[in-house]
Amino acid sequence: MSREPLLPLHPLQYDALLRRALEEDLGLAGDLTTNAVVPAIEELTGRIVARREGCIAGLEVAARVFALLDSNVRFNARAADGDVVAAGTTLADVAGPARAILTGERVALTLLGHLSGVATVTRGIVDAIAGTRARVVCTRKTTPGLRALEKYAVRAGGGSNHRFGLDDAVLIKDNHLAIAGSVEEAVRRARAAAGHLVKIEVEVDDLAQLERALACPIDAVLLDNMAPPVLRQAVELVAGRVITEASGGITPETARAIAETGVDLLSVGWITHSAPALDVALDV
Amino acid sequence: MSREPLLPLHPLQYDALLRRALEEDLGLAGDLTTNAVVPAIEELTGRIVARREGCIAGLEVAARVFALLDSNVRFNARAADGDVVAAGTTLADVAGPARAILTGERVALTLLGHLSGVATVTRGIVDAIAGTRARVVCTRKTTPGLRALEKYAVRAGGGSNHRFGLDDAVLIKDNHLAIAGSVEEAVRRARAAAGHLVKIEVEVDDLAQLERALACPIDAVLLDNMAPPVLRQAVELVAGRVITEASGGITPETARAIAETGVDLLSVGWITHSAPALDVALDV
Amino acid sequence: MSREPLLPLHPLQYDALLRRALEEDLGLAGDLTTNAVVPAIEELTGRIVARREGCIAGLEVAARVFALLDSNVRFNARAADGDVVAAGTTLADVAGPARAILTGERVALTLLGHLSGVATVTRGIVDAIAGTRARVVCTRKTTPGLRALEKYAVRAGGGSNHRFGLDDAVLIKDNHLAIAGSVEEAVRRARAAAGHLVKIEVEVDDLAQLERALACPIDAVLLDNMAPPVLRQAVELVAGRVITEASGGITPETARAIAETGVDLLSVGWITHSAPALDVALDV
Amino acid sequence: MSREPLLPLHPLQYDALLRRALEEDLGLAGDLTTNAVVPAIEELTGRIVARREGCIAGLEVAARVFALLDSNVRFNARAADGDVVAAGTTLADVAGPARAILTGERVALTLLGHLSGVATVTRGIVDAIAGTRARVVCTRKTTPGLRALEKYAVRAGGGSNHRFGLDDAVLIKDNHLAIAGSVEEAVRRARAAAGHLVKIEVEVDDLAQLERALACPIDAVLLDNMAPPVLRQAVELVAGRVITEASGGITPETARAIAETGVDLLSVGWITHSAPALDVALDV
Amino acid sequence: MSREPLLPLHPLQYDALLRRALEEDLGLAGDLTTNAVVPAIEELTGRIVARREGCIAGLEVAARVFALLDSNVRFNARAADGDVVAAGTTLADVAGPARAILTGERVALTLLGHLSGVATVTRGIVDAIAGTRARVVCTRKTTPGLRALEKYAVRAGGGSNHRFGLDDAVLIKDNHLAIAGSVEEAVRRARAAAGHLVKIEVEVDDLAQLERALACPIDAVLLDNMAPPVLRQAVELVAGRVITEASGGITPETARAIAETGVDLLSVGWITHSAPALDVALDV
Amino acid sequence: MSREPLLPLHPLQYDALLRRALEEDLGLAGDLTTNAVVPAIEELTGRIVARREGCIAGLEVAARVFALLDSNVRFNARAADGDVVAAGTTLADVAGPARAILTGERVALTLLGHLSGVATVTRGIVDAIAGTRARVVCTRKTTPGLRALEKYAVRAGGGSNHRFGLDDAVLIKDNHLAIAGSVEEAVRRARAAAGHLVKIEVEVDDLAQLERALACPIDAVLLDNMAPPVLRQAVELVAGRVITEASGGITPETARAIAETGVDLLSVGWITHSAPALDVALDV
């Protein structure tokens, strides 16, 4: 199966994070063990291996960790971000100065494991809804400082990205509605203030709210915590006029039933904030 | 039961992270929805609530997020970090300028949920081994940029902290041993180079390795992936001469059997890198 | 006439810039003149005055400059961002420690003058097209480091904001088309890679290109450097199916004829990169 | 005509600015269009062209933008900073990875256009006073964060640099005089506090003030807003004892008459804060 | 004796340094001792005392350290920067939250001790040459990151500041001369490139070089490593035409003889790079 | 004599400091002298020479300064950090672009001189106690921002490192004792709060305090300001149960008598905060 090309990140988007991670780990005294035990001239050859089956994300990030420590480290990827690999698969060969490899190992593996964890759980839901028209999207519930990377990992897992920040689009939630007094007034204010290239989405909890929202000039509705039968009614009510997004309680088990209601998007917060890391290791 | 006092963090240790998190979320255009829909003079009162039972960590961090946005936000904690609370418990009252509260909500809740997630899984293992002499410790497998916070969350969950970085102590692993040629030589190099206030720990995989390690001037052994019966033999072999640390495959289910072997420390990587977030929300 | 509410900025979005500006001006030796000539206890009262008619933007930014130097400076705005004021209008009263006011004067006035300059030229075009359905939008041609502020100034001048960055939307230009080989292929690639919440705009130079673009699933067209008669034909061709944006050679003199062709947007680069500063001064 | 060598900048003086500019433009999602439409292996060859006649500044800065994105971009300058070029002149050839070139194009051109704009208006005044003994100098009215670059652009345009910051020299203005009570007292305080390597300049509005200032131990006078006949009297009064600097209302049209009064310096604020950008483009 | 007012620093000029210093000391785990032993509500009152006689500099900097940790710390200075105090003198009372005071103590005292050390050795030379017309100036040999503070400490000690950086003035040294070929050519190049507000100083080793330098349009000469009799001849040769600066081997013992030769400036590198810290302590 | 390998620093641990140092020195105008007098194509060959006998530290740091300015500078060290060299020894050859070498000279030499100064005074005490079992350790009294480098210089001088920060270990001082009420209570609190991998040290002033401290579960005692006879009694009292550290009044003259009392550690604050720089120079 040919995959869609994956929108990449540029190192300028994560280099500062990697430097901070390495500084955090090196502290003021540096890698005591490696510096004491491993001579500076020692070379080393190893393989980064996935210990469990999973969907990979972060290989270039891992390579960059080593490059920041020593430009002589050679990192040859043998898999690509987005690949689903079996347990035991070699993801990359790493060779070069032993000190740089051993010092950078933890930061490189932690990021690769974390991002692959995000990609893997994303992939699980994407696969569960294969054949439906729905797409899996992540939310703003990302780890502080890692948003660009985690959004990328979601893409690697076959998902799409929802808002990258509060500045991306208007999303009117219950608290906003309460203050505005009505959905009409909230949408009116949003339309007046925001450029008309900005999309407006409204969160609704039931079909009555949905009807009121649909009477306003909006672009999308967030159907929050609705059971599949209600979702199906909602989709019918919308009738293709706006984008429909379901959220709440979406897991690999529940996803298919939700997707089959005909919604456009399944938005899932936990794929970024609660994905367990994929177990990856460096075998020398 | 009175708890040990919890070693706190100073805001200087996380303010830069919070600023980056807010900048990441605000982008160049800011919170479009709130700024468009909510007038600047609007005030708001809400409660931060735990939706699930869990162990809390990060209340001061959450308070600080709002303070960075607007010093007029009042945040009154009704629980303390380290508390185990039931689902539905109010953790804090938040009141003040509506814009600051709505704009900061996501960053504050994401951090509170993440840190409480770490504390909760830590607590689970700590409770599982109650009554034994062992302590639960975390590793260096922390999220880049969040190490100080995640280590703090482990303490809030009743755990202890192992190394904070590569600079904390010497930990000689298999790769180091391979390069040094022998455990004796590796320890000799470490002893010679490091100050004698620095502790040296050696990773061993079996009892034969353990015996050789114990013949060296070391302070601790990392007993990696040993089954409880072997661990028990290892503890007997050590006979209190050095600190014993078990690692590998430790879960709430397996922890007690491991702790009952008499080891001093159970080190668990997944409590920082794979803890699911605790579900916390802002109810207005 | 009641104005639309103006989407504000939060100080977190420009404080780092202001600090850099002050550090740039203070250098290592600080404000030699003020520190030498003005005693620390001296107080001062002054007014910030517009020397020319213009549209104001940046009053909170100017206030913040003084606040960063000394929290005892009182800054009372007597106009609001977005106001069009006559020459000689007092914009704000400033009172407090003389040193902070004199030291911060240049940075505060430079920013206020620059942002008001952007707002003023924006306002000029907005006024020129009053009564048409078109809106004035700015581009990514902003001063490095000042994008959030300049986009804000455009809003203060009655304009709207186009893309905030390369990450906002897809804008397929001639160079992209050349590489993709055809507009169909370029749009296909964009559609496949980007989430379906991302809008796609295509730049076209003539009506033939426009027809081909309209056959693709796009959201907007950038009609580049077309004379009003051609623009009018383009708008008819589009027939409301996508957003139409005219660009190239738009000045207060030419704007009305272009707006009257029926296009949705007039995008103007020079309002951010070539606006002369509004002359503002501090009178003591 | 051989030109004076131009004092260059070192990349350390602007790299942080360039990184911020690129991060501002890339956002969290990166260059959606280029990444979606242009394959990673695609190469591209283009020329940076001046669309209008002007004086060039910033070629090394533009080259550096591409280098920060990808060290494989080749940038061959075909003009030099300080050159006055005709419309249509090729300033540089750019070749290499298409993604880096298209992603960096906007930041590179914006800076090159802005700095060349500053150089061009500077050059206009410098040319207008050719043959007189006066020099054109810029002020501290520079864009926050770009002072080093804009001061450089002034030099490229044939101008000189006045104070780089508040720490450069003492410049006693009317507000300082008002607080000190008299020019004598103000100069006395400045002389006492500042090292005697620091130059002291006093702003005067009329000849009476000038006479009082000249009785003090000062190095320069700022003759503010004086008409040429008064300036001429001022220059005669000074009789070479101190440096004379004219400011206020200096344009290419008025400059010659002012310069011919015999003043040493024409200081012009608008060449840095209100210069329109020179139109430069990348032709592929 | 009334002192010249001391040019102060603004906290914006050193806050980043103080934050880095505190972060360096807190690490990821924070102040283990204080946090474990001292309850959060504990208050404390102490005095900062000079254990040795010396000239004080850095009291506001020390106060700022505590303020950054806790705005509730009260710091009442009982001496002023520039004061020469006897051993045992109380410099400031410090009262407030015990944790902040104990955690900040080391950073505050280290800076106060270091800056007072610089002020004290400066004072020693300034006193040694009292009554002569010479001034003591420091050089660019300052601790990386502390230049603004150390230059300030020199002023507190009664000295003056020479160049703050490579950008302050032209100082042509032997290496520059060697490349230029002759002093005439070096000065010509400097004059041509630099604005005529920039002063030019030339380093000379003997009277022959001095004569050649004096034939060029320069502002100052650096008389390097000349014995007092030669210096006296040099001063006579200069005859007031340019500023004379003696450097090399200047100590409290040798300073007077050098100053009595009539030179304007004694420049001393070691007062910033080799001054022993003044012993200051916090007594509770 | 073969030396222990020296634990190195990674450039990531000091690059930010070097950049700040260079930016501090370059200012906004850059190296006026070099840029004006030295053509860009000029090459230069020089030697870094120690003008006095001393122990060297910082050669890689100095090399890095030049590399940050221009990657074409070749730096060949002819000594190694930790070497004790005679006056006149060439430490390194430097060759390459003249501008980079002359511009970087001051920052490179200042750091090399400072760190070698620290190493030299450390070496002096280490040599004075040769043959005893004691080691020389430095304290937290380091220059803000330079702790990692100064701790490294102490190692180069043959010393060891004590705490790197407040987070390294518990050190209970008199102020902590006063608040806790007793040493027993202070140690109890520390033991309860800190992980049991954290060492606890208590400062004592006399033998009575020492006896009380030894009754607590501690790892080390700081014997503050005790005369050698008392120290000897203290060592006997301790009888090897905990690490003994002497502090106060330790100089090359007094060190041997103190070391011969049998203490494990001599901790000396002044070797980092009051070491005079070693005189190093660049000869072209």
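Some observations on this one:
Order of writing sets the chain letters: A, B, C, D, E and F. Residues in each chain are counted from 1.
Note that a residue touches a chain if its C-beta (ideal position, glycine included) is under 8 Å from a C-beta of that chain, and two chains touch if they have at least 3 such contacts.
Nothing here was measured: the structure is a model prediction, and the numbers come from that model.
Counted by residue number, the contact pairs of A-F are over half the same as those of A-D, the matching pair from C-F, A-C or A-D. Chain centres were defined as the mean of their Cα atoms; on that basis the chain farthest from subunit F turns out to be C. Note on chain placement: the centre of subunit E and the centre of subunit F lie 23 Å apart, centres being C-alpha means.
Measuring from the averaged C-alpha position of subunit B to that of subunit C gives a distance of 44 Å.
Here the spacing of subunit B and subunit D, counted between their Cα centres, is 52 Å. Shown for subunit A are the residues in touch with two or more other chains, namely 5, 7, 24, 26-32, 35-36, 39, 103, 147, 161, 164-165, 167, 169, 189, 192-194. Interchain contacts join each chain to each other chain, per the touch definition above. Across the complex, subunit F meets subunit E through its residues 17-18, 20-21, 24-39, 42, 44, 46, 98, 102-103, 106-107, 110-111, 113-114, 117, 140-147, 164-176, 178-180, 186, 189-190, 192-194, 198, 270, 273-277, 282, 284. By the touch criterion given at the top, residues 19, 22-23, 26-32, 35-36, 39-40, 68-69, 103 of subunit C touch subunit E in their complex.
Contacts from subunit A toward subunit D in the complex involve residues 5, 7-10, 12-13, 147-148, 151, 161, 164-165. Interface of subunit D with subunit E (complex): residues 4-7, 135, 137, 160-162, 164, 167, 169, 189, 192-197, 199, 220, 243, 264.
Only residues 24, 27-28 of subunit F touch subunit C when the two sit together in their complex.
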